[in-house]
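Look for subunit A in each of the two complexes below; its partner is subunit B in the first and subunit C in the second.
Up next, the complex of A and B:
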């Protein structure tokens, strides 16, 4: 096989990965942008989404599209509920202090991860895709479901963008992001905005987890990779910049796809980190960051 | 001032002496456990220099621990280097690594620094796995018994003996603890504390805070590396799992539990968590839930940890 098909495959894999990554990283960036906190448990929300999808597949069984639909509905809601509970029980009590929040979300990470280990078991579980279409690309056939994943992710990204720009809640979020005290003074229910944003960020990660599970597998340790990549993305894009996060997700995602297909996925992660080092040397605030976070 | 100073040195001397004299009282089984705790407490002492006294939280310290471990372990494994030169190599590797890492990572501040440390720590872990041919990362390797003797001034000690392990660990721990005590009570240490409290103001007063933070990170990484190198030599196992994110979170947990910004807190935290985990391991396979639970409890109810709370309530003089 010549280089051409390899490159096409790498591009496709990269784009699909980038879309999922953009969705996950957007959740993290949204939470940081509005609440100024880093959610280390973000990857676990992703994992919860995937595991719930596996549980749905186990409960509903046939047909796969019904199980997938259930997962797409249940996972974001359930994970948002977990996030809301965490926000209410822990984050609100430490007043969203940056360092305490990080320690608290690390705690949350292990509690969620170990609970899944107990409830779901240590094995990875495959979940059937809701449909199977083989797209013939001449050199090789490509899984049509993967393109649907990309489409769904892009749709959700657009929905979040529209929601931020056109709805009252979006206005509240942007106001809180710009100046929390001023927003409070103008009657924005900041506390509720915080809870909503945290739940929304978690739900985005959960949806990404559901979308990705027919391609990967559901496993209780799967949260670390998306967390790491999301971190890379928000640092490269500039902490707090949503536009930066999405652009960086596509750059990192596509290059990750290329290196993964042509060399190895581990090398791809190492190279991505080196890229971050370069960005930091040249521009410590990230590509689209406005102020030092 | 001088009485409080004497009291501080006396307290530390007493703790170290107690550890030395506890040997006849301890059952044989606990020797290796306590040795392990002492080595891991070194790691936490190093971490505490950065978190407790400089106010920088790192989620990638396992990188330095592993640098020390591999810096000591690989020469022993491939070239049969003796224990003391291996220890020196491990410490040097981690010192160099920490300084280089600091040059890049300290360009960020606040939560960005934290994310960058975690990212690099994870990348280092992946690097160890990726170059498995040389590092034997995923399986780990055992240092053969023949080179595991320690030659000090003509006398040879067998590192496989648990009594030797205990005393070697105590020796390394004493050095690390006293080094950290000296550092935080020195003028440089005061600058570090000033950075923790208010970096902008410290800079305004004319201190080069970037250099001070770089120094703190390097010292912290070097102590962590010394712990890693000692661990490799005493417990004769080197593996990439020591570079994982969990091993970066452990020193954070130990330091916070014992009390960040107290010199003896890391030892207390490490010891408590060590036995708590052994206990939890017997109960469930999901014993890491203890890590999460303790972190949450600390954040919600005891953000200053055990000794930090004690200092607030009773003993203001605790360093």
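Up next, the complex of A and C:
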């Protein structure tokens, strides 16, 4: 393949990857930004979304778009419910202490992962895409559904952006992020905000999982990779900064696409990890992070 | 295709008067076969001392129930259980019932070594058996060697025959990657083309493919246009395909793990109808229904199979018997669930290995996990020259090389036709032989 189509494929792969990554990482950034906790179980919420989509496909069957629609409704709600339960049963009990919550969410990771292993089994399950179009670009073909994934992810990112800026809940969230005590004093129901943010972060990961599952497969171990990449994105973008997370997701996603296609995917992973190390050395709070809270 | 050869019941001593394979290498063992086991030995090693203890023979079964090998693990377990049940129906091993003690290793090399240790020390099994994924075998084998427990793997990797492991590790029930490639590379270049691009998993098993196919292609006057290694946990594959040069005549693929369906589908999306000839190892599609959406593009491509998934493609009474006993229907899926497709080209190895163990135990007079009995078992097995085709070896006759601890067998090339795999070529055992590079019999016990 000559350079032109090569670059086009790199760009497509990079953009699709970046959109999904932004959606996944946004949840992690939101949770850290508002609650100051590092949610190690975030990737498992992504996996849960994908597995619920596989279950919907199994229950609803044909047509695929109906099963996919069901998954898109059910998965975020179900995963948000799991997250709310975890918030109530665990995080609140350890008073959202930063160190304890890391250990607690590691435990949550294993509980979710192993529960899925028991209930769903160890197999990778393919889920049919709501539609299948092979776009023939002359030099190579591309799955049209992947472009829909990118579109849906961008739409959701915009919705979160608007929600944070224009709604009362968004206002509460920003207030809690800036100063928890002052927000409490001014009547912001901080506990409920915490529960909501944790659930919202989980639901975003779940939606990303549902979107991705027709181009991957639902598997109980699939949460580890997105978790790692989300952490890279959140650290590079600046812990807690939503704008930083989205920008970092696009920088890392698109560069990953280019390096993967032009050189090798392993090199892309090495470079991303190196970028984290460099950012931590040169600018410990990340590209868009504010000074330590 | 393929007429029946050998006896129906190679483990029963009443079937000694069987028709023996034409293969010269197998003929050597006629005398040994008369010793009672359908097995070809050098000079008649005494038949089973048998009886005596009626303690069950306990075989530790290291199984990939979880992790990336789970689909294989499920079918390995079904096959091993079916083989054990059949052996017990026949009267067990040396008159003693056989008992499998299964333990999950999570397809994880470190856990694998722990499983070997647990089975050997806590469960006090006679042997450990059944490991598939090469990184787990390589991680577990040293521990088996230290514990001095015979370790029978069903792995395909070249690591056993390479001499890298130790004297306790055997692979008597499945051929290794090097012999598979040696057997089919000539057919591939003769029929599909000589400019070959390779896609393989980025770990030991994939490197075996890379090294031996490259050597075979170069030896056959061809060129390798690209060698593309993909991490086994990869989930997206489109980005790898641009590295296949346009002048490639044959795309050679082998992939494992949970992403195999995505891999093949994305390959189809990428190339569409402008694809080169495609030759793959069925590993890329084990456990995957050929009728899955997106796999249409595989029509007209070729796959290596160790044992044809589609019934009737290697039609022998033994194959039919085996297929029924492991619960696999004509299309290669479970009889109970048509979506649950078997790993048919690998799992026969569990069946055949258990019979190889039976034969080695009976021939060596092995009774208990003592150093002397284990030594006798290992030396007896090293003296074997092969196994006849029969109910105990339904994939076909095998030659066994005691120096390499490795068996050799026939291979199949199948063409995908309307979602079905049709055998177009069957190799002879001799096609898969290579110059041995190791001799385990010279290692200390």
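One rule holds in what follows: the second predicted complex is superposed on the first by the 286 of 293 C-alpha atoms of A that agree within 3 Å, B and C clash if a C-alpha of one lies under 4 Å from a C-alpha of the other, contacts with A are read in each partner's own complex, and residues count from 1 in each chain.
Note that in this section a contact is a pair of C-beta atoms (placed from the backbone, for glycine too) under 8 Å apart; a residue touches a chain by one contact, two chains touch by 3 or more.
Here the structure is a predicted model, which means the values were calculated and not measured.
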Margin query: Applying the document's definition of touch, where does A:140 land relative to subunit B and subunit C: first, second, both, or neither?
Written below: second
Check: Touching A:117, do we find subunit B (first), subunit C (second), both, or neither?
Finding: both
Note to self: If we overlay the two complexes on their shared chain A, which of subunit B and subunit C does A:221 touch? Say first, second, both or neither.
What the structure shows: second
Check: Should A:266 be classified as contacting the first partner (subunit B), the second (subunit C), both, or neither?
Finding: both
Next item on the list: Quick one: classify A:132 as touching subunit B (first), subunit C (second), both or neither.
Entry: second
Check: Does the superposition put A:3 against subunit B (first), subunit C (second), both, or neither?
Finding: neither
Check: Hey, is it subunit B or subunit C that touches more of subunit A?
Finding: B
Next item on the list: Mind working out whether A:185 is in touch with subunit B, subunit C, both or neither, as first, second, both or neither?
Entry: neither
Check: Of all the subunit A residues, which ones make contact with subunit B and with subunit C?
Finding: 117, 122, 266
Item checked: Contacting residues of subunit A [partner subunit B, same complex] -> 32, 37-38, 40, 90, 93-94, 98-100, 102-104, 106-115, 117-118, 122, 224, 228, 231-232, 234-235, 239, 264, 266-267, 269-270, 273-274, 276-277, 280-281, 284, 292-293
Notebook entry, point to check: Touching subunit C in the complex: which residues of subunit A?
Noted result: 1, 5-6, 9-10, 13, 17, 117, 121-124, 126, 128, 132, 134, 136, 140-143, 215-217, 219-222, 225, 257, 260-261, 265-266
Next item on the list: Can you check the complex and tell me which residues of subunit B touch subunit A?
Entry: 57, 59, 104-105, 107-112, 114-116, 118-120, 122-123, 126-127, 129-130, 245, 249, 252, 256, 284-289, 291-296, 298-300, 303
Check: So in the complex, which bits of subunit C are touching subunit A?
Finding: 65-68, 70-71, 73-74, 202, 230-231, 233-236, 238-242, 246, 258-259, 261-262, 266, 269-272, 287, 292-294
